[in-house]
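One structure, as structure tokens, below. Some questions next.
Order of writing sets the chain letters: A, B, C and D. Residues in each chain are counted from 1.
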């Protein structure tokens, strides 16, 4: 109770979204987290309880697996100046046979922004907000009020690392916006509305009030059709905006996913806002965002509800994770 | 049928395990694969059919998830001269707030042998055998008769890459050898026998004849107790040898796993053999090997049969995969 | 003239070394640089004029080259958590012969903090000072008053990068402190004094007043005798302190060098100071620091004055440079 | 003497350039090296004797330094699928002030084929030839008869690494082919002839018979004018062919250099040959090749003879070196 009062007081003191007066991590406009408390670093993966898992598993009726991730390779769309390079070391370690069984072998060497390349799961240290405090100083704030000073490490984030997220095994819902709109791909820069979401759910026969905390909501924009054309893929994707983000947060999803590189509309229709959905979901609610999916097979088969599994690779202190998400119906 | 005759003929021509006369990938001592044909690159992940998935899902009764992977971090045990380095880029891309929403963020940059570090899933391009042909020439041969010439690429294996493996969603069986032996950890260099495996299964109440093609068999040696002591961890682990490997192949497992860095006994009791189990399973049967697990919780809870999920990260042309395997009971 | 007045005024306003009131890069306690002006980014490499080069070349009397750098290799002493990994890519790009001339080849792949590993030349973006301004805010200040905001880039420093430094071709002076002290290696944590420097010069027959602006001063502590013992090498090296640093700055050296990883005594005898010599030389005077040299051959041959050449590798936006410095007598 | 007889015999047994019968490194068509013996790994850097250095230094008359290297940066022309990525680590190691002197700092992290990116010095392990032996087997042969088996290492070449090359301090000669032809840039695919070389030398007033063993010969094709256009730069550069390569070898140069990415014409006018000049110079004669220079200032000033300095960075086991070559007149 006291927490809520503090929350209101703090909010009253805020001049704008970009300012805050919270002096400690314990009390601020979006922290401590109302359900998981001030020390929580697992965010909305906390929804993945045994009961949630158990009920999600019941969705499996045929055993068919759908792969939702893209293959990682040179030439795939990459954001900004990130790097992805994979090569095969040579030399005697791999090429000189060992034993009478004449064993040889190979490894691979990779360098790159491993959790922010290709199909990627944004963790809680990936996005924050710089807040201006009452005294004019600034503070970088992340999920649950963790500050930049607390979390940033040179060789890995000291807090909010991806290794603290629980494996995601839950009910997945495909929300096929492109299908609802009867287009192969949404127009560039189109902001998906709550009306669109509701229309898609209705068309799919999924009742909005059947959504439950901890569900994974996967949005199909038809954007993966551009995957082989990196420049076009990266250019002004359609996606959800703050309206849908708030609808998602109210439904207490564990995560969202989409077939674009950001899941949200870019640029935002409000030219003052940059990736506000990332902030709304990750920072304020601990709701994860799995980007660069391919949802074509699910859509083609009309698979709208399924067991969804994504197990983030626990690179200590990473801000995100690669992986290979799957749906099982 | 013709294939079998050829197989016998070829074998008859073999002088030793290290020689072969097969002139094409189509015919050789272990290729083409009797079930999956000459073009198969998915190996024993082919066992993961919808029926297999569906039956494995039935094993979930409580929804509890067990994490079986280790966290990736500097200082963890690493084999040989491999590298693992993760760092957080700084600078304005991450530190200059964007928009009135004042968005900031972080990435991570990793370099290393990404699929052969920490918890690692050995794929089909990881291990091969150099065979001496009848004409005295040599050939590097991998799963299903693929040759080194066919598969090796500088910037990723051209064939047998990890991206060709199907996600593993199957029945998992813990085979707790350390538990059977009533030790915290098996002795260094101990070769686990088929009698040990049978003893463990019996003690666990798992009938040997209940094992089915496509099961994932996870061996617990108690070795993860050394995870914090890299030198001790890497030194002469206990593990299975060729006897158990052949037993595994007969049972047509989709993969094995263990809590050591190799799953097999090192050094092999036969001093002429180097990692022969890797060869027996990966090269001859396409059976995968997931190393550096932690199986303590499963053992402590007596969870011997479960839904097992591991979805290899599809780095195109990689020889292995990192990840976070889970068991769900 | 006006600049000097400003300088005095600004200094008078400073409460301590860690505070400043300079509001712009143009005026501050050590900026703009009195000789090279507010836009200079070459620091003390500006001393390397044609006249300086011409006179240095006259020092060559025998043509013998002395190598002063260490070989870069795995296992060499490395500071902190930096990485150095070199491997040889394999595969058909390198292994499949091309043409009837049957050309094959090899490359190498490196990852690491390339300008701050092994023999390393510290550039002007490597070290700065966080100053507290009159209004209580802080500012990161580097050589010539460049601020952190101005210079920091995610994919390379935007200003003060190593590519802006002129090649160093100058008169080199060996100052053999270990030789003067008649020890193989100075004691751990020993601070070299100006008296030591004068004693060494005198013993070597180099008149102190023969030192000229733009000379490169190389200090021998005997520390490279520990190069094969990384832990001992990294532990509390002897070196110069602020007294000698100021003497160096007065002599307007272009750079210093030494056979330790820092050139300065660590820890500093004043426990409140951390690497103050780096700051004194690099930040305040733009005098470079070339670490991890080996000066044994020069000392053994009594070569105290020579043509010195070091040409920093121009990695755009790097903070330092690897290389292979040489002395020619 | 015996060596020479063997050499003749071996040559007589050669069917073609691509075959050999030499059974040991001691005797083969181009090994052991006639001057430097069977164990030599320094190649034509052996010409850099004190006498050579001493005479080269005499060429300095004004002290002016010319920079001949390109800056390394993202977006520069890169050959094939190589990688170059530089980033600045962030986090508290660099951003939390230390001491009352409030020291802060920065490093850089690089990954890439460090000796084969940008201005690059090809070493002796970079290029070899696959020879077919009398018994039909093949052997990879490098400078001085070193074989692939001897030199290749997974974490660095075991022999012929760049660290074995002596620093190059010698007489440099600019051979301005574009200037001789009165063009800004030679035509694509143009093979420079010995007549061109003689014409250029004559025009420059450099007598051909003034060339001496150990000189560094730098060819200007005008190709650096395309440096900002990577695709055009990489496309079919003009350059020398085997005729000039043999002329260079006869003159016993220590190295060549040029303002293209290969120094030799690509494609070779003989479509059966791939990079034959690399092989002729590096493999057969140990003559180095410094690529991606900029020679515009030398040409503009008519500086044809100068002190040339390039000191390869001694990355143990590397095949090449980055650096910043300079000319001093």
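Quick note on the criterion: a contact is a pair of C-beta atoms (placed from the backbone, for glycine too) under 8 Å apart; a residue touches a chain by one contact, two chains touch by 3 or more.
Because the structure is a prediction, the values reported are computed rather than measured.
J.: Enumerate, in label order, the chains that touch subunit A and subunit B alike.
T.: C, D
J.: Can you check which chain pair, B-D or C-D, has more C-beta pairs in contact?
T.: C-D
J.: Please tell me whether the contact surfaces of subunit A and subunit C are same or different in residue numbering, using the over-half criterion.
T.: Result for this pair: same.
J.: In whole angstrom, how far does the Cα centroid of subunit A sit from the Cα centroid of subunit D?
T.: Using C-alpha averages as centres, the distance is 48 Å.
J.: Distance-wise, how many Å sit between the C-alpha centres of subunit B and subunit D, to the nearest whole number?
T.: About 44 Å, centre to centre.
J.: Rounded to the nearest whole Å, what is the centre-to-centre distance of subunit C and subunit D, using the mean of the C-alpha atoms as each centre?
T.: Whole-Å distance between the two chain centres: 29.
J.: Multi-chain contacts in subunit B: which residues touch at least two other chains?
T.: Residue numbers touching two or more other chains: 74, 81, 83, 85, 87-91, 93-95, 106, 109, 111, 152-155.
J.: Considering the complex alone, what residue numbers of subunit B touch subunit C?
T.: 74, 81, 83, 85, 89-95, 111, 152-155
J.: Can you tell me which positions in subunit B touch subunit A when the two form their complex?
T.: 16-18, 48-55, 57, 60-65, 67, 69-74, 80-83, 85-89, 93, 97-116, 125-131, 140, 148, 152-157, 163, 166-167, 169, 268, 272-276, 278-279, 307, 309-320, 322-326, 328
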